[in-house]
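Both complexes below contain chain A, partnered by chain B and then by chain C.
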Partner chain A sequence: MEQENKITNPYARVVAFIFLLLGSVVMLFPFFWMISGSFKTLREITSPAIIWWPEEMQWQNYTTVLTMESNPFGTYFRNSTIVAIVNTVFTLFTTILGAFAFSRLEFKGRDKLFNLLLATMMVPSQMYIITNFITITRMNLYNSLWAQILPYSASVFYIYLLRQFFNQIPDQLYLASKVDGCSDWKFLWKIMVPNAKSSLVTIGLFNFIASWNAYLWPLMVTGDINKRTLSIGLKYFASDSGSDYHLMMAGATIVVLPLIVIYLIFQKYIIQGIARGGLKG
Partner chain B sequence: MVGQNSKKTFLKAMLYLLPALLVVAVFVIFPMFHTLRMSFYEDFNIYSKEGSGFGLSSYIWVLQDPTFHKALLNTFIYAVVTVPVSIVLSLFIAILLDSRIRGSKFFQTAYFLPYVTNAIAIGLAFRFIFHSEFGVFNKFLGLFGIDAIQWLNDPDWSMFTLCIFGIWSALAFKIVIFLAGLQGIDPQLYQAARIDEAGKWKQFIKITLPQLGPIMAYQFVIATINAFKCYEEVIGLFGDDGPLHSATTMVYYMYDKFYNANRYTIAAASGVLMFLIIMVFTFIQLRMSNKKAEQ
Partner chain C sequence: MKKLLVLLMILSIALTSVFAAGSSESTTSAAATTEITAEDLRNANVTLEFWHAQTGENGVAMDMVVDLFNQTNEYGITVNATCQGGYTDTHNKVVSALAAGTAPNVSQAYNNNMMTYMPSGKLMDLTDYLNDGFGITAEELATVVPSYLEENKAFPDGRTYATSLGKSTEVMFYNKTFFDEHGLQVPTTYEELATVAKQISEITGRPSVGFDSMDNLGIYGPINFGAQYADPQGNLYIFDDDNIDATMEFYRWWQKGIQEGYFRTAGEDQYCSGPFSNGTIIAYIGSSSGTSYIQPDGFECGVTYAPVGPNPAVIQQGGNFCGFTTGDPIVDLATSIFLEFMYDAEASGLYAANTGYAPSNKAGLETEAYKASIAEGGIAAAAKDVSATYPDGVLAYDPVFENSYETRLALSDVVEAIALDTNADIEALIAEAERTIAAL
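On to the complex of A and B.
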């Protein structure tokens, strides 16, 4: 069948193409400029002419940034990776168990509890952090990676998403497995989880990206350099380094490159995830 | 027997829910009430982190603080500018992406990319692009004889620059949602319209827009909430709250009062006010879009 909303006029198609092309240049340019800047010399950065690509790529900008004493991006990178991975594993675990309980176990007050949890999603997380800072300090977790991991290791929103998916898995499977004497626990991990693989990948990806990009909370609970993650490390580096934009761009590229790689590999999951769940902007 | 069973199911469900409930109770539900309580303390001891008294002094202080007025005004400007502009632009782009133009696969990848990237890092790239002396944007404008503009250092320009960055960052998410919405419209509607010889513009007004109604409402609500939470964009672009605090926002204000000024009750009060404003706007928007849907 013909595509219904196709633009038919050939001139209009050319105009549309040119518009999309210009738009994509605007969208991609900051990335290009960041990467190109990260390979420039200080002289090229401050030159009055527009230099699209450096004459010689300055790879040492990266080694400088990764091993700097005042802002060790190597350490930041390690911390970000640990926090994002551990946090994602925890979140997936709590989400799977929670979604299963709300989807398959018929306990008293289930719907009331579920609605109560959904209501908490309306409150902006910025409001929690004041109290959470006090809580984390009282738990003696200030300036630890745990402080960045724990508060975000469960998410009502992800439970809501996964429950929707679990609900689509036919009930007959559950009843049949019960007849066979299969326990709930075994059913969850042997049948439900493998079936929900694509949803879990999407949730895992979103959680990883959110954790990697987290800024305000890690900033509040981090005291010294060794516990900083990339986002805050980059911010401190930018305030310290004046106009060394070539080094700043190298730091920014170190933060963004893993995200671009993840996006290019998992684009399908990420786009579907946003479109289906309408994941927070 | 039955009672026994339901008790057992309840216990089992609680075991499954325990990890999630524990985290949500400690780090989401408790803070909601605690922050609210904190905002009404008359006195707060920073060392023991305990408060006493009950009153409105924090709210009165916040509401009389000119910096809060500035933050409130800026946040409103940011929302009023970035939300409509990014929605119109992203709808337009989504329609073009949906029109089977050559290379639309590549274009989709390009337009969605900013969704996954870090606001601090990309903000830094924008800072570099908009730098008044050696930023590429001013150099580019120079080719047309336009004098260098102090995008980031002039308090009169800072909100403008912040809005450009805000619109750029907000497009990707909206394009994805609109594109999914467009692809969900029943093609028969367009077929019928073509039989009636309705033009493209008429099809857009009569079919596309009404069909996208609920998605539009959703986009407005989410975009407004996100605009009210604007903070990382400011830090990425300026490193602080801009020249002469000209780009301060509500979240920036709250964080600054809490962390830099150690005024915990003030921060809590401004947090509660922010929550209330967001709630009011969400309700108004949902109301308006429900009314439109009923008509």
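On to the complex of A and C.
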């Protein structure tokens, strides 16, 4: 199969290589520009002339961002890490259970219930932000990390995706395991989940990125800077009268760095997951 | 007849109850306040939640003001201040918190945002509090910049719902080195501005004067040419028969500047401070609070009053502060005291000293902190000095009414469209703006 996909014509290979190279440049350029900007002065970054790389590296941009007492990036980093990891673990757990229930378990009204859940995806998230806010405050979770974790611990979209993958696993496997006395719980964790590893990594990563980048909700449910996350910290460099773009770029580099590292670690699974589930970010 | 009598009786009872409720509501706060003593307030150890929208250096300055209040107020009131992002973020959060019943005691907001808080019934009416025996005194109130006081009661019902700590205004930043080298006069009027801009563009070969805010220009441009904008009841005058000539005169002045290539907007630079700093433009009209973003590349930056038209009007801008009632008269009184503290000379002087804002109290100009900041010199000092010393009657604000923000945007679209298309049909743009506003 792999052999069939290989390009054997040398000219076609060159064309493909150039095409992929151009694609890579387009994809990587924003990252380069962000990193380059993070080492520039404000004057360089707002210069009409294109300055690809600063004459003198402004390392103090990073020092400024990391040492601001009024905008504690260290605390934000810790909070973002906790929220993103716990939220991802919770989401994966609920997604696995939900997908299994809608894929394998037989119960009355299953498909109708699933369609009903799918229909909720039509409602824009802005519509229920006030309702969620009221719920969180009534649960006395305002100004806590739990307020940032719990409301996004289940996703219909991810359940739908994983259900599609679970549906590809033959019924015979499930029935055979039942004949062998395997419980649903055991079948799920011993057979389904290991098979769905790449899909789960992809879902986990997308959820992690979404949680890491979240801005509006964490801002809504926190009143104390010690409970806030990195994305909110970036806002600190912009005001109504202008923006400190050089500091913003340094902050953005710090925010993005962990995501790049995670992507590099899990890229094999992500590509598999995308290939199998047709999942796009 | 009997039925008619019954109907009339029901009607009168209903009306009486409505008006009785109305009058009791308007006097509740004042009546409750008069019963509270300073001792009651001290014993209550009130802590207030304060949400603001000041980031960066302005946020640090806001914290200084809050610390000053916490240390000096004689009632032991403690204020916890938190930045909630920008104005839009803060506003969205307040809207949600009002729905959840968890609104802060005090929030920073634009007055048009405050209009949206009114239906909740929680927006604090400060009219009576300003004249009670707590907080700001009548003498101190007399030195508050009059246009700030007027702005904070420019609501449809004419009541005061806000206070101000400091305001930025539009000023003109210009490349003094360039002006000196070419023997150019610093313009003071729109007419002079157009002449000088044209001269500069002939030298540099590109647009020379920038305008940071199309929103402001859309309203204050026509006003400067003699048009009346709107009133707090939402009556729009800018396009009516009495004002259309002045409005058109402004649009033509603006269009000529665009067509002849000497005016420009901030465009994708977002703010003119960038292109001004690197010499792309030679002058711009922008906020006095944005000076930290001006980093002149090898020239001296001058700051002066924004040029004006035959009917001088320069916008005073920046968010104000409003309170939310809790139902507890002591907490509400403490909230009003903190809100009134925004007008305090020391507080507004301290805030102005550490930002680009002019103090809300004229006596703030005489505080040590403010004078020291001016003595330091630099662009920020020059900008706020200009901002704080506009002649009486020049500073202006636009009233808030239902959809005032959207009206502002519709007018902004007209000047923006003229800037984007040198051959724009002004009358068609006006018709479109009128349609948009009518549909609001």
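Going forward, the second predicted complex is superposed on the first by the 206 of 281 C-alpha atoms of A that agree within 3 Å, B and C clash if a C-alpha of one lies under 4 Å from a C-alpha of the other, contacts with A are read in each partner's own complex, and residues count from 1 in each chain.
Keep this in mind: contacts are C-beta pairs under 8 Å (C-beta built on N, C-alpha and C of every residue); 3 or more make two chains touch, one makes a residue touch a chain.
Everything numeric in this text was worked out from a predicted model, so none of it was measured.
Within the superposed three-chain model, A:26 lies in touch with chain B and out of touch with chain C [touch as defined at top]. By the touch criterion defined above, A:220 reaches both chain B and chain C. Using the contact criterion defined above for the overlaid structures, shared-chain residue A:249 touches chain B, although it does not reach chain C.
When the shared chain is aligned, chain B comes close enough to touch A:267, but chain C does not. In the overlay built on the shared chain, the residue A:46 is in contact with chain B and with chain C. Contacts of A:70 after superposition on the shared chain: chain C is touched, whereas chain B is not.
Applying the stated contact rule after C-alpha superposition, one finds that A:142 touches chain C and leaves chain B untouched. Once chain A of one complex is fitted onto chain A of the other, the partner contacts of A:134 extend to both chain B and chain C. Number of chain A residues touched is higher for B, counting chain B against chain C. Within chain A, the residues touching chain B in one complex and chain C in the other are 46-48, 129-130, 133-134, 137-138, 216, 220, 235, 238-239.
Against chain A, the residues of chain C that register as touching in their complex are 49, 51, 54-56, 58-60, 63, 82-87, 89, 92-93, 95-97, 99-102, 104, 168, 269-271, 273-275, 277-278, 280, 286-287, 289-290, 292-293, 295, 297, 318, 356. Within the complex formed with chain C, the chain A residues making contact are 41-43, 46-48, 70, 129-130, 133-134, 137-138, 142, 216, 219-220, 223-225, 232, 235-244. Interface residues of chain A, counted against chain B in their complex, comprise 1, 3-7, 13, 16-17, 19-21, 23-24, 26-31, 33-34, 37, 45-50, 93-95, 97-98, 100-102, 105-108, 110, 113, 117, 120, 122-124, 126-135, 137-138, 150-154, 156, 159, 184, 209, 212-213, 215-216, 220, 230-231, 234-235, 238-239, 245, 248-249, 251-253, 255-256, 259-260, 262-264, 267, 270-271, 274-276, 278, 280-281. Residues 6, 9-10, 12-14, 16-17, 19-24, 26-32, 34-35, 38, 49, 93, 95-104, 106-122, 124-129, 131, 133-134, 136, 139-140, 168, 170-174, 176-177, 179-180, 182, 187, 190-191, 200, 203, 208, 218, 222-223, 225-226, 228-229, 231-232, 235-236, 239, 251, 254-255, 258-259, 264, 267-268, 271-272, 274-275, 278-279, 282 of chain B are the ones touching chain A in the complex.
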